[in-house]
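Common to both upcoming complexes is subunit A, partnered first by subunit B, then by subunit C.
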Partner chain A sequence: MRVSKLTDILLTLAPLPLALAFTSLALLIVGGSPLEAYRQILAGAFESPAKVADVVTACVPLVLCGAGLCVTFTAGLWNVGVEGQIILGAIFATWVARHILWPQAPVLTLMVLAGMLGGALWGMLAGLLKVYGRVHEIFGGLGLNYVAQGLVIWLIFNPWKRAEGATMQGTDPFPAPAWMPTLGRLRVAPLAVILALAALVVIYFALRGTRWGLELKALGKNFRAAFLLGVPSTPRMLTAFAVCGALAGLAGAIRCSAVYGRLIPEISGGLGYLSLLVALLSAYRPQWVPPIALFFAALGVGSPRLELNLQLDSSIGGVTEASVVLAVLLVNGWRALLARRRALQEEAA
Partner chain B sequence: MRIELVDIHKHFGPVRANDGVSLTLEPGAIHGLLGENGAGKTTLMKCLSGYLSPDRGAILADGQPLSFASPAEALRHGIGMLHQDPLDFPQMRVLDNFLLAFDHRFFPDRRRGKALLQELGTRFQFNLDPDAEVMSLTVGERQQLEMLRLLALGAQVIILDEPTTGISAPQKAQLFATLRRLAEEEGRSIVFVSHKLEEVEELCHRVTVLRHGKVTGEAEAPFQVNRLVEMMFGRSLPPTERVPVTPGPPVLEVEGLVVPSYQLTVEGVNLCVRAGEVVGLAGLEGSGQRLFLRACAGLERTAAGCIRVGGRDLTGAPYRRFLEAGVAYLPAGRLEEGLVGGLTLAEHFALAERRGPFFLNWAAARERAAAHIGRFNIVGRPDTPVEALSGGNQQRAMLALLPSRLNVLLMEHPTRGLDVESSNWVWEQLLARRAEGTAILFISADLDEILERSDRVVVFCGGRMSAPLEACRTTVEQLGYLIAGKDVGCEAGNVRRETEVG
Partner chain C sequence: MDTSFLIQTLASIVAASTPVVLASIGETISEKSGVINLSLDGSIALSAMTAFAVAFTTGSVTLGILAAMAVGAFVALVVAFASITLRQQQVAVGFVLTLLCADLADFLGTPFVRKPGPEMPHLPVPYLSAIPLIGPILFDHNLFIYLSMLSIVATWWYIYKTQPGLKLQGVGERPEAAFARGVNVNRLRYLYCVVGGALVGLAGASYSLSIKLGWSHRHTFGIGWIALAIVIFGGWNPWRVAAGAYLFGLFKALGSILQRNPAFSGVPTQIFASAPFALMIFALLLVSSEGVDRLLALLPVRLARALDRAMRGRPPGGLGKPFVQG
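Up next is the complex of A and B:
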């Protein structure tokens, strides 16, 4: 049923050269030098402590959402609603920042918890729609993303508008206690990094070492059989949505508390969709989420340099991301095809 | 066109679906193909119509060898098949379905197609509205559409696979009249695949009987029904010695149960099963026995009646409540419904321990799995993924996963695909549970198995259940009559009287 060890290793490594070859081709077509472009991206992402801090900051929501998505993917669920769950987390955290005027420690704790609650509720909503309304989570999630986007814009333009008038710049800056402290003058909040790594470790062990994780895995691999073996499918699916939503909500809270210091219309910034790619590439194994997230974050931070120094469009970073994902999916398709052919051969023999 | 099938072999893995089958189809005749489930009828006809290619053997048309790579190619040679489930496009209109078959130009001529459809419809008195959506049609009408499609393509040999399942009595009469006309007036050959003796008797000129992939006999009309039954089901063996059981109190009581489904409704089932009893459920696939069995596990919605387990009313309760009441259900599809492909044996045993601790101890779980593996003779290790096990070992694993105390065990095809040794082992395990007071209900297509292992037998036919029969006083032949719905409806009392007279 499986491909041989050597083929397996080759197939695992294959996507990278494939994606690089494709991106290089695209670069050659637009008249750039691929090697120079990759050098610039790397330099743009890692040349100074400030750049590294930016990369780490960009990594945090990807790691949080990627870890959460490992949970829902393990359960066989496509939680596309993760984007909206980030937004709801940001909204709940913003409410705390605007209304609770306490010292920093309790305010930040409350913001983190509120963000997780908002995301979890929004995730549960997609789950409830699926279980009780027979709405597939992809469509439910996409719908809820639009609702969340509408909600944040309404809040910014109506009840939470700036004193001098509503603007796409977002709300007024939070009071000082609601800002997550950063490391010196760098734009990275150690607390955010700690929270993301802690969440990753918890998810890793929850999926590996608990009955809950095992039950989610069984549901994801064969829903009918898991149900017949007595796995309570509805509560497990709902908790999977809630856990992923909570982590996405935490990411949203961190974005507005540690990065922007206010609520802005594009608070989620497509990070939810990007983290879907992170989780897909990790094959739902949390331990692979940080390196993949780092790769995407570095591309995001480094590629604007192409515009400055090589007069290339920075969207080449997006092209690289997309071609990595496509290459991985393509190679996985080959792997399945090879495995099936081998199984057929064995059957014939 | 005279079609000869010569020595057709078709194997699926170790299963010999067709094992050297030969038969001849004469033009102008309706040829019946009889056999119980899994006898190889459909496989043979799929070989003839190009859906499958035989491993060995030849197909001759008027003495010329034919071979085709696809059903479309078979149709170009004039051979078409009407499948058990119509192969149409339910979301499309009748005319579009019809046009799809033969007008492959970029701009199909809808007017010509419509005219042809109406002309053919009038010829056979099929009243099909070209603009109706196919999903709004009855099964019988969809069958008529398929038939017109085959005729429009010039099929000289028309194969019908169980065509009377799910159609009304008038539609059946109309179908039979059409088939007679196609054969007797137009000289086409018709193959009528069925397991219903009555229909074969009424319609066919010749009949070939298959059993376990081999031809067990041929006959010309008029048929001797008892000979056909014998060819279909084999001779019954003398009943084996059985250990007497003293049944305990009733553990499963079913009263007036109605289980509706899209295809078939199970109606008015009354059954009381006592602790330690084994009840075999016989019947052709799709006669309602599976629906009934799943309803007893809380897996099907019931419309009326009640189900009591150990005296507690569980009518309409969710599956979990049934599990808690000590009901277990073992499905036939081992990797489809029984086991989770991709998980190891150890993971399965950890999963099956429903009240286990939240944090898993994998070392202990592996040890427990190893113990089960030893006790149930499973060829595998705790870390073996279940899909890597053989069918027999998967069945052993499923038995090993059952809770130790059970009130009712519901099983589909407990020994399907297993060799004799594995089958005997499975039954030893099952019968050992009787001593602990577990009642067993099982479905099997193997009538010998049903008679040998059960205390009582019930037969399902068209959604109705016969009265229970004592297994030791019933023969395979009697079951064969009941299953084929011959003459007696499904009233067990009648059967006995009639067969005793015969």
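Up next is the complex of A and C:
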């Protein structure tokens, strides 16, 4: 028994070294030095207060979308459409920034609300396609991601093009009131961090302590049984999509208001997909989202340095992130397999 | 419009559809046996990169193709191992592999970005390519295109006309019944998932060695998701899946003709790039939505039934579910 407990602990910790081994292999294939690469990534993420601020800023959308995805995953839904929901949030917030010329406080409030509305609508669309169109949310969501990407580029090249002409650099900078204030000269907006943490707490309690959360859990665990027991499946699924979409939209609004101060084509740039990995790794428990987001954000902020200093592509950060999740899936499966074997042996004995 | 232009356009549609045909036929084989290989989009990117990188380094197109097929098969093997042996969610494993393979392709492919490299040699089929109309459209291409057409016929024939094909259907439709008849369900699922994966790898190779030569960032842009949707659109039937793939190729060709039209010159290419995905959602709605059910109910019963049979397909009964073998 003691031996198996030790194996258990080792297996829990195994995914990280496995993923690092895989990443190192990829680095060795292109002739890089893994140790030097990891050193550069760490330095790139934490060497100065400015870098730490960037990591925190990169965390914000991951925490928001990760928390939102805990909701949809709990309901058994694969909301792959987060990427598009971030983009729509940014588009709605940009509309407010360009058209409502009020003082800062009301403009920012409106931008945040508009972003949440945009994301929620785009999320609901994937939900409606699923419920009424029987289009699986993976395909609906993915399709809508590409449509959102096309939409943002169309906006940047046509109605919202720069005064001196359309470019891939994005729209003209927002008027000053639409910029979320940052902490001194650091690129981190305290308001954004507060909003993300508040959202996380709300989701944590909504999933744990409300009837709505319980019903989502029931749908996720056994859809048919929950449906037969009278859980209103359609409204619950649609609200799950809307809540996740609203948080993703909020992330989009924050990206354009606090990070770029304008709308750019790559306003999400894969954050949605990354947050799906965060949520998978958290096993849909919101309390685990921030530390995982921190790890991913550090990789994301640190790895571009590889391009500058070692001429290696920064996509290695993504390789590490995805391979950690894959390793967790494999190790979990392996543990379950061992447990089944053990049970069989005990039965035989 | 003169005929030579039409023939040229049709021939280019047949050629351009090749990766989608190969990938969706590969996925059909896998899903028919009950395994969803959701990793297609990443798997195609990684195998396309591998094909080009190997062909570039060794100078041999053949080695490039074999390497790509090995990559596709290996990714499918991981899906099979994680979902069949380790009983993890097929969709989760596939999705994570999609992202992993795409990033890996970007990372490992960096030295090969925008390099001119080898190309699959043109190979008109003797005699057949001389047939008027059909010859230049179907038989004046390279080996990839012939293989893609062959894969449609061979897959249909294997699944519906042979004894092992019947077993393939059995493990996908009703694994319990197949098992009761002494079929090793999980071994066959492994086999067909890997075979399907090899075809996906071939699809990747056809991309970087023939359809869109070379390698660049986001080289295969979402084609794997399209292929996955086409399997559903085609109702898991090789002929209809292939028809869906060619139909998609037709729409893409129309799109690029529109794009060249001066009236659309102000429209950025990215919008044309995202149009296929709107089409994908629409196509899936067409084959599965309740609304279409209601429309069909308005038609005369026999016509409605015929349309239903022509347009729709049911997923294999055991699709995506792990089978616990005694």
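In this section, the second predicted complex is superposed on the first by the 320 of 349 C-alpha atoms of A that agree within 3 Å, B and C clash if a C-alpha of one lies under 4 Å from a C-alpha of the other, contacts with A are read in each partner's own complex, and residues count from 1 in each chain.
We adopt the following convention: a residue touches a chain if its C-beta (ideal position, glycine included) is under 8 Å from a C-beta of that chain, and two chains touch if they have at least 3 such contacts.
Small disclaimer: the values here were computed from a predicted structure and weren't measured.
Visitor: With everything superposed onto subunit A, say whether subunit B and subunit C fit together or clash.
Guide: clash
Visitor: Of the two partner chains, subunit B (first) and subunit C (second), which one does A:226 touch, if any: first, second, both, or neither?
Guide: In the superposition, A:226 touches subunit B alone.
Visitor: Based on the superposed arrangement, let me know which partner A:154 touches: subunit B (first), subunit C (second), both, or neither?
Guide: So A:154 only meets subunit C here.
Visitor: Could you say whether A:212 touches subunit B, subunit C, both of them, or neither, answering first, second, both or neither?
Guide: After superposition on chain A, A:212 lies in contact with subunit B alone.
Visitor: Identify which of subunit B and subunit C touches the larger number of residues of subunit A.
Guide: Counted on subunit A, the partner with more touching residues turns out to be C.
Visitor: In the overlay, answer first, second, both or neither for which of subunit B and subunit C A:329 touches.
Guide: Second partner only.
Visitor: Have a look at where A:129 lands relative to subunit B and subunit C in the superposition and call it first, second, both or neither.
Guide: Touch status of A:129: second partner only.
Visitor: Quick one: which bits of subunit C touch subunit A in the complex? Just the residue numbers, please.
Guide: By the definition above, subunit C touches subunit A via 38, 78, 82, 85-88, 91-93, 95-97, 99-100, 102-104, 106-108, 110-111, 222, 225, 228-229, 232, 266-268, 270-271, 273-278, 280-281, 284-285, 288-291.
Visitor: Name, in rising order, each residue of subunit A that touches subunit C in their complex.
Guide: 26, 29-30, 78, 80, 129, 132-136, 138-140, 142-147, 149-151, 153-154, 157-158, 265, 273, 276-277, 280, 312-313, 315-316, 318-319, 321-323, 325-326, 329-330, 332-334, 336-337
Visitor: Once bound in the complex, which stretches of subunit B touch subunit A?
Guide: For subunit B paired with subunit A, touching residues are 13, 319-320, 323, 329, 331, 335-343, 347-348, 350-352, 354, 356-360, 362, 387-388, 401.
Visitor: Can you list the subunit A residues touching subunit B in their complex?
Guide: 1, 209-212, 214-215, 217-218, 221-222, 224-232, 347
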